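Labels run A, B, C and D following the written order; every chain starts at residue 1.
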Amino acid sequence: MLLEAEDSHLVLVDYQHRLMPAIHEAQAVLANAVRLARIARIMEVPVCATEENPEGLGETVAELKPHVATIVRKMAFAGGEDLMPVLRPLPRATSGNARSLPRHLQKAHAAPPARNSAVLAGCETHVCLLQTALSLLELEYDVWVVTDACGSRTERNRDAAFDRLAAAGCELVTVEMVAFEWLRTARHPRFAEVLTLVK
Amino acid sequence: MLLEAEDSHLVLVDYQHRLMPAIHEAQAVLANAVRLARIARIMEVPVCATEENPEGLGETVAELKPHVATIVRKMAFAGGEDLMPVLRPLPRATSGNARSLPRHLQKAHAAPPARNSAVLAGCETHVCLLQTALSLLELEYDVWVVTDACGSRTERNRDAAFDRLAAAGCELVTVEMVAFEWLRTARHPRFAEVLTLVK
Amino acid sequence: MLLEAEDSHLVLVDYQHRLMPAIHEAQAVLANAVRLARIARIMEVPVCATEENPEGLGETVAELKPHVATIVRKMAFAGGEDLMPVLRPLPRATSGNARSLPRHLQKAHAAPPARNSAVLAGCETHVCLLQTALSLLELEYDVWVVTDACGSRTERNRDAAFDRLAAAGCELVTVEMVAFEWLRTARHPRFAEVLTLVK
Amino acid sequence: MLLEAEDSHLVLVDYQHRLMPAIHEAQAVLANAVRLARIARIMEVPVCATEENPEGLGETVAELKPHVATIVRKMAFAGGEDLMPVLRPLPRATSGNARSLPRHLQKAHAAPPARNSAVLAGCETHVCLLQTALSLLELEYDVWVVTDACGSRTERNRDAAFDRLAAAGCELVTVEMVAFEWLRTARHPRFAEVLTLVK
């Protein structure tokens, strides 16, 4: 019920440079996304980002890109399937014929996920963030949505998405909640470092 | 958990010309209803409308009518039963005596519904929209209520209806959520066309 | 899931004349309570009222009293138990010794409730209304709370009560929702009469 | 579903003098915490307080301290485990070797909790209050969060915590709800005394 750093992935959804200018309160949203990504790196939580139709919407914005380890390009609004190779890599083949199996038999399900909590933030909350979150729920992830790092073009659409995500079983959190749950105690060796990003 | 175009009906509830002028933010509500109906047609989702007591409240407003394939007139506030012949038509008789059965044996349940998701919007949210939504839930439909195309005479009644619909198990969505879930991907052949109606 | 007139009691909680002046938006709250009681009478729904510690807080206000059939005086904040003789009267004795049984064997549970939906409104929402609602839930009533006829001294307490009531399984409704669910159809013989109280 | 005085502990989380000045609406939050603690003492509900990293954040503020029986110092943000010796004291040894058992065998679970309702209030709502509440839920307490005595540095974080606590199964209440549920009736011998603190 509390988030754990060792169980977490951070997934940053579609912070793309031709999309962000249209987002409501884009500056605050992006600042929180950067804080979140920096805290993730301090806590050794893997950080990936998705880009929707990058030829149309551009790449991940420059402020965020240095903090991202892996970028997943996609055309589907729901990023769940496209994220699987990053979030749940296939185990190395242990016998000669594993790689030669038809793809549908090389199921990701065969590899028990090392990290089962997907911490998500992104834009637009009610389109790609929402569809990605719901698709990850179906893939049996625990999904945590960091609301103060999410945005839509309109507040109404953003808030309608939050309500729906909560009803679907996502845990709605904030950047600070994530930070203090990853830390768990003031004795954590990175406590002071994370604190400078929070206050 | 995500809406599918192939599984959807669009049901427009009581956008009638002697009712609409009393609705809070009627202009925005109606504009969203028209957008929704146009997107439905592009996506080949069947569109029907109900009219409550049309002799009293008038017909469906002129802006919406061209986008509606079927109109269902009713006196009950809950439209579920009246909508059944449209949403779940009886299968053609396959044997000689099927039509001669007593009506209660010709159950609609005998025909597995081709489209099980009822996407609803309308007025007043807390009367006919609410009662129709709840009656469709009882008829085992998945019910999706498009909040930004719904209205009541007062905001308080409208919002109380949304809370109750969510608690009853309806999925509360917006016009844009519906559009992007029906599409699913930027590769959809109608993507560009729908996009002009959304932005 | 929709309210039925034949299954309803209306319970008006503690609209007392030394309490009402302190209530937030008391005038609107009381006007809605009066409308609700008048609609109940038209629809032949029994109306009762509770009075908390009437020596201290006074009697039911004069505007409401003419519409109330039965008044229940109490000292407990939760009115559930005190309401049982009104909401669920004991069946007439069918054998000679029934009345001579010890009271705990004359259980109200022995009489299947003719009306199982308790429609509640009153003051203060977060004290006597809340405790009465929760005690009726425990007595296995379906509890409907008419929010726009409820008040507390502060909005924050009132709204906190609504959230808690919803979470506990009460259905939160408004005066208009109740009216149109009791009616069900524009063909109801009392439709026009109720409509004059609603619009 | 209603709170009972005999089943309650009051736990005041981290009202520390170097933290409070940063809290949104600190004065009202603290005044409500003091009222709550005074009511608890009148009702003979045990009152304890936690202090997070007291060398850094200081001690419990002077206004509250006189009303607290026990103080628990901690470094973990979630206070559940640290509170166990106070909330659920070990039973006295009934045989000679009980105390000599390794600590993990002297399980708190062995002692059935005399008081199973933890009534919580504190700061910051979205960090230590939240984590303490969730950890007490996992220890099988019924957790009641007194929202009008809780604060965070920002409203958004505070309210996000309330939503999450409710979704996790905590009961969200106010000081007045607690007071009138602990009392239950205007006949309670301490009714008049508590009333002076409420109104």
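Quick note on the criterion: a contact is a pair of C-beta atoms (placed from the backbone, for glycine too) under 8 Å apart; a residue touches a chain by one contact, two chains touch by 3 or more.
All of these numbers come straight from a predicted model, not from anything done at the bench.
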item	value
Reaching chain D from chain B through chains that touch each other, fewest steps	2
Proportion of interface numbers common to chain A and chain B (over half same, under half different)	different
CA centroid of chain B to CA centroid of chain C, Å	34
Whole-Å separation of chain centres (CA-atom averages), chain A against chain C	48
Residues within chain B bordering two or more other chains	none
Interchain contacts (touch definition) - all pairs	A-B, A-D, B-C, C-D
Interfacial residue positions of chain B with respect to chain A in the complex	1-2, 147-148, 166, 171-174, 176-177, 180-181, 183-187
Chain D residues touching chain A - in the complex, by the definition given at the top	52-53, 56, 75-78, 126-127, 130-131, 134-135, 137-138, 156-157, 160-161, 163-164, 167-168
